[in-house]
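Shared chain: subunit A. Partners: subunit B in the first complex, subunit C in the second.
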Partner chain A sequence: MFQNFRQSMTWLHTWFGLVIGFVLIVVFFFGSLSVFDREFDRWALPDTRFDPQPMPSFDQVLLPALQKIEPDEADYAANMPLLHDPAKGPLTPRIELPADEYWAYTTHRDPVLSMGVGFGVPLARDPDGHNHIHGNATIDPRSGAAVRADQLKIGSEWFYPMHYSLNWPWMNLGIFIVGLAALVMLAALVSGVVMHRKVFREFFTFRPKKHTQRSALDLHNLTGVVALPFHFFFAFTGLVIFGAFYFLPVSQFQLKGLHDQHEVVEAAETGLPHQAAGVPAPLASVDAMVAQAKQRWAGRDMAGEVGFLMVHHVGDANSYVSVYRAGSDRVALVGEGIHFKGSTGELLFEDPPRSPVSEVNEFLTGLHLQHFEHWLLRWLYVLGGLLGCMCIATGFVFFVEKRKRQHAKAGVQGSRVVDALAVTTVTGMVIAATGMLVANRLLPADLAGKGDWEKAAFFGVWALAMLHAFVRSAPVAQARLNPAWREQCWTIAALAVAAVLLNGLTTGDHLVKTVFTDTYWAVAGVDLSLLVSAGIAVAVVRLLARREQAQCPTPAQADTNSSDSAAEVAHG
Partner chain B sequence: MAELSWLIAATALALSGMAWLALPMEVHWGQVMHRPAAQAPRTRQLLRGLGALALLLSLLACLMADRPSMAALVWIMLMAGSAVAVALTLSWRPRWLRALAIG
Partner chain C sequence: MKHHTLRWPAITARVAAGVFGSYAFTWGFAAAGVAALVGLGVEYHDAETGMLMLAFLLFLGLFLWSFTATSLLRVWTVLAGGAALLFTAAWAIQRAILA
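After this line comes the complex of A and B, so read on.
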C-alpha cells in the first residue's frame, strides 16, 4: 500500500491525528485550565474568595459538619435498590442510613474544604462488598458553615472532568474515549517524529510570512517538537493514572475472589480491621492523632500538613483513622499514611517505605496531578498544554490548506467539513469556556440549580459556535478562508472582556483591587489571563482580516500558490 | 527568596542557551547578522559551546532552587518555553538576538 515506512507513518499521522485531534485538543485545553482549577473555583464562587486554609480541627469543626451531611438523593435513588436485598427486610429510609466512613480533603490552594460521608447499607445483598451511599459537602473551614451545594465549582467540577472524561459520564464512555485518544497520541508522536525530516535543522523555524500551509506546518512542528517530552509524558502518565480503569475493572469481575481475599490478607498484615466489629464504640480525639502523625512525619524529615483524613467504620469498636500528608513539597504523590485506632487513638500502623515500582508510579502520577506547590512549574505546564493545543490546531489548518484547492476543483466538501469542525473545536471551545464564565456572572447568585444552568450555557454556546462554523463554511469549498475563524475570535475577545468587567461589577473584585490594593492572585490571575486571551484574539482577527482580503485570488495566483507548496512542503 | 533568584537565573540561562544554540545555525545566523554564516565558523562554534554550557548551568540553577525530581521537570519545561521564545524572536524580531553574538 505504501512505498516506504515514512509514507505509511505519514498516512497514520494524518488520519489518526485528524480523528483523535478533535478529542485531544479538548483534553489539552481543559487540562491547561485545570492546572488552575482551584483558582477558577474562586472566580466562579465569590463567597469562597479567601486565603487557603490548613485542615481545621477535626473534633471542633469537621465532626459537627460531617454529622450534618445527609445521603445524596440521586445516589440513594440510583444505587440503594441495587445494594439492598429486599428478601432480608425493608429498605432503610434515606436519612436513617448509618454513617460508615468520613473523609475530608484539602490542598494548599483550597480556601474551602471538601468532605463526605459514606453511608452503610443495612441488609445488603453482598454484606462483604463496599456498600456505600455517598453524601458530600464543601465547608468554610474557618466557621464550619456549608457552602451552597447547587453552585458549580467551575474549575474543579467542570473544566477538570472535561479534561479526563469530556463530562460524558454515560457508561464512562468519556473516560474511555480520552484514554484511547491518549494511546493513539503516543503513536501520533512517534510517527510525527519519523515523518519530520528536519527535527534539528528546523528546531527554531517559524516563517509567518510564507503562505498559510507552510507557516502552519512550521508552527505544528515547532510546538510539537520543543514540547515533545511534555506531550509524551502527559499522555503516558495520564494512561498510567487511569491504567487500572482502562484494563477493565477485572478486580470486580473475573478476579473478584482474589481481590476480596487480598483485602482480608492485607488487613491481617497491617492490623487495620477489614470489617466492622458490630460493637458500638465512641471516637477518641482525632486532633490528638493528627498531632501525633505530624510529629512522626517531622521525625522522618517530612514535616507537613494533613491533606487527606479518613475515618473507617464510624462508631464501631473496629473504627480506625487514617491520616495522610498533603503532597505540596514534592512531585511524587506520597501520602505517608499513619493509621490510629478510632476508640483509643493508639497507633495501629504506619505505611512502610515504598518499593521502587511504587515510587516510580507515585512520581509519574504526581507529575501529572501536580499537587506540589510551585507556581513557575504550574505556568510552564499551562504553556506545555497550550503548545499542545497549537500543535493540534495547526495540524487541522495544515490538513485543510493542503487539500482545499484540490477539493475546490473536484467539487468535494471534505476540507470544508474538516475546517468547520476545526473552528468548532478550536475557537468554539474557547467560546464555550469563556461563555460559561460570563453566564456564571450574569445568572443571579441565588438561582436554584445555578450550576445546571451554567453547564447548559457551556454546551449551548458551544453548539451555537458549531452551527455558526458550518453555516459560514461555504468559502472553504472555493479554497478560501472560513470567515467563522475571524468572527469567533471576535466573540472570544468580547466574551473575555465581558467576563472581566462583569466580575468587577458583580463582586467588586476588579483588577485594581485584586492586583494592587487587596491582592488576591487567584482571581486576578483568571482576569488577567482572560484579558491576554482577548488581546491575542484581536491580533488574530486583524491577521485573518488581512489574509481574507489578500485572498480574493485571481485563478493564476491560486495556481502559483499550490505549486509553491508542492515544492516546499516536502512531506505529507 | 533565594529560590526565586535561582529560578530567574535558570530561566535566563535557558533562554540565552537556546538562543546561542539557534544563532550558529546557517539560516538563523543570516537572519540575525545579515552575513553569510561561512564567514564566522569559529564564532559559531564558540556560541554552540556557550549554548550547551548555559543549558547545563540552567539545570544546576534549577537544582539549587528545588529538590532534584522537581528541578528536572522545571528544567525540561523551561527549555521548551525558551525554544519557543527564541523561535518567535527569530521570526518577528531577529535583531534582538544580535547582542548575544559575542566573540
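After this line comes the complex of A and C, so read on.
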C-alpha cells in the first residue's frame, strides 16, 4: 500500500491523528481539568466549601447516614427484573430490600464524603452472582447531613468521567473509544518520531513569525517532543488501568475457569467469608476496629488516615469489615487493607506485602490517578495535559493550512469541514466547560434536577459552538481563516469572566476573600484559572485579528503565497 | 505522496487488520501468557497484571506493523493465524490445569 516505511508512518500519523484527534483532545483537556476535579466540585457546590475532613466516626456518623440510604429507583427499575427469579417467589419492593454491603470513601481533598449501600436481591436468579441494587449518598461528615442528591459534582462526576468515557455510558462505548484513542496516541507518538528524525532540534524550534502552517508545525513538534514521555506514560497507564476490566477481560471470559478457581483458593487463604451465613448477627463497634487498624499501620511505620471502609454481609454472622488506608503520602495506590470480624471486631486478616509485579502496577496506576498530596506535581500534570491539547490542536491547524489552498483551487470542502470540526473540539470544548460553570451559577440553587440542566447546558452550548463553527466556515474554502476561531475566543473570555463575577455575586466568595481575607484555594484556584484562560483567549483574539487582516490577499497574491509555502514545506 | 494510489478496500483491510486483527492476536497472547504463567506456578493476578502490561505494548507493535508490512496477505495470515493458535493454546493450558 505504501512505498516505504516512512510513508506508511506518515499516513498513519496524519489520518489516525486527524480522526482520533477529535476524541484525544477531549480526553486530554478533561483529563487536565480532572487533576483538580474536587476543586471544581467545591466551586460548583457552594454549600460544600469547607476544609477537607478525615473519615468521621462510623458508629456515630456513618452508620446512621448509611441506614437512611434507599435503593436507587433507576437502578431498581433497570436491574431488579434481571436479577430476581419470579419462579422462586414475588419481587421484593424497592424500600424493603435488605442492605448487604456498606462503603464510605474520602480523600485528602474531600470536605464531603461519598458513601453507599449495596442492597441484596432476595430470590436471585443466580445466588452466587453479584446481586446488588445500589444506593449512594454524599454527606457532610461533620454533621452526617446529606448533601442534595440531584446536585452535580461538576469536577468529579462530569469532567472526570468525560476524560475516560466521554460521558457516553451506553454499552461502555465511550470507554472503548477512549481506549482506542489511547492506542492511537501511542502509535501517533511512535510514528511522529519516525516522521521527524530531528527530534532534538525540534525541541528548540519555534518560529512564530513565519506563516501559520510553519509555526503550527513547529509548535506541534515542540509540544509533542517536550512532553513525549509524559504523553506515552499516560496513554499506556490509561490502557493498563482499565485493561483487566474493559480492554482485555480475559479473566472474565476465556480464562474464567482459571480465575474462579484462584478466587476460591484465595478466599480460603484469607479466611474472609465469600458468602453470608444466613444467620443474623449484630455489628460490633467499627470505630474500635478502625483504631486497631491505625495502630497496626503505625506499627508498620506508615501511620495514616482511613481512605476507604467497607462492611460486607451486613447484619449477618459472616459479616466482616475491611479498613483501607488513604494513600495520600505515596505514589502507589495502596490500601494496606486490614479485615475484622463484624460481629466481634476480632482481626481476621491483614493484606500481605505486595509482589514485585503488583508493586510496579500500583506505582504506574498511582502515578496516573495521583491520589497523593503534591500540589506542584498536580500543576505539572495540568501543564502536561494542556501541552497535549496544544499538540493535537496545532496538528489540526497544520492539516488545514497544508491543504486549504489546494482545496480552494480544486473547489473541494475537505479542509473547511476539518477546520470547523477543529473549532468545535478546540474552542467549542472550552466554551462547553466554561458555559457549564456559568449555568451552574445562573440556575437557581433549589431548581429540581439542577445537575441534569447543567449537563444539558454543557452539550447544548457545545452544539451551538459546532453550529457556529460550520456556519462561519465559508472563508476556509477560499483559503482564508475561519472567523469562528476568533469569535469563539471572545466567547471563552466573556464566559470565563462571567463565571468569576457570578461566583462572587451569588456566593460572596470573591477573589479578595478567597485569596486574602478568608483563604480558600480550591475556589480561588478555579477563579484565577478562569481569569488566566480569559487573558489567553483575548491575546489569541488579537493575534487572530492581525492574521486575518494580513491575509486578505488578492487572488494573485494568494497564488504566490501558496507556491512559496509549497517550496518551504518541501524543504522543511 | 501519491494518495491517489490508495484504494478504499486496501485501506479498510489495513485498518481492520491494525485494530481488530491486532486485538485478536493480543487477546490470544494475553490469555495464553496468563494461562502458561499460572501453569508455571505464578500467582494468578501477578500473571494477569504482568501479561496485560506486555500485551498493550505488543498491541502497539502489531498495530504499527499492520501498516508498515508490504504484504497485506502476510499481515492477515500472521494476525489471524497467530490469534487462533494462541487462543487454542490458552484453552488447552487452562483445561490441563483445571483437569
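In the analysis below, the second predicted complex is superposed on the first by the 549 of 572 C-alpha atoms of A that agree within 3 Å, B and C clash if a C-alpha of one lies under 4 Å from a C-alpha of the other, contacts with A are read in each partner's own complex, and residues count from 1 in each chain.
One rule holds in what follows: a residue touches a chain if its C-beta (ideal position, glycine included) is under 8 Å from a C-beta of that chain, and two chains touch if they have at least 3 such contacts.
Being a predicted model, the structure only gives us computed values, none of them experimental.
Set against each other, subunit B and subunit C touch different numbers of residues in subunit A, with C touching more. Of the two partner chains placed by the overlay, neither subunit B nor subunit C lies in contact with A:Phe459. In the superposed pair of complexes, A:Leu367 makes contact with subunit B only, with no contact to subunit C.
Once the two complexes are laid over each other on the shared chain, residue contacts for A:Leu222 go to subunit B alone; subunit C is not touched. When the two structures are aligned on the shared chain, A:Leu258 is found in touch with subunit C, with no touch to subunit B. In the superposed model, A:Ser358 lies in contact with subunit C only, and not with subunit B. Those residues of subunit B that touch subunit A in the shared complex are 7, 18, 22, 25, 27-28, 66-67, 69-70, 73-74, 76-81, 83-84, 86-88, 90-92. Residues 1-2, 6, 10-11, 14, 19, 26-27, 30-31, 34-35, 38, 43-46, 48-50, 52-53, 55-57, 59-60, 63-64, 67-68, 72, 87, 90-91, 94, 97-98 of subunit C are the ones touching subunit A in the complex.
Put simply, subunit A touches subunit C in their complex at residues 1-3, 5, 7-12, 180, 183, 186-187, 190-191, 236, 239-240, 243-244, 247-248, 250-251, 254-255, 257-259, 261-262, 355, 357-358, 360-361, 364. Here subunit A touches subunit B in the complex through residues 201, 203-208, 222-223, 226-227, 229-230, 329-332, 363, 367, 372, 374, 376-377, 380-381, 383-384, 387, going by the rule given at the top.
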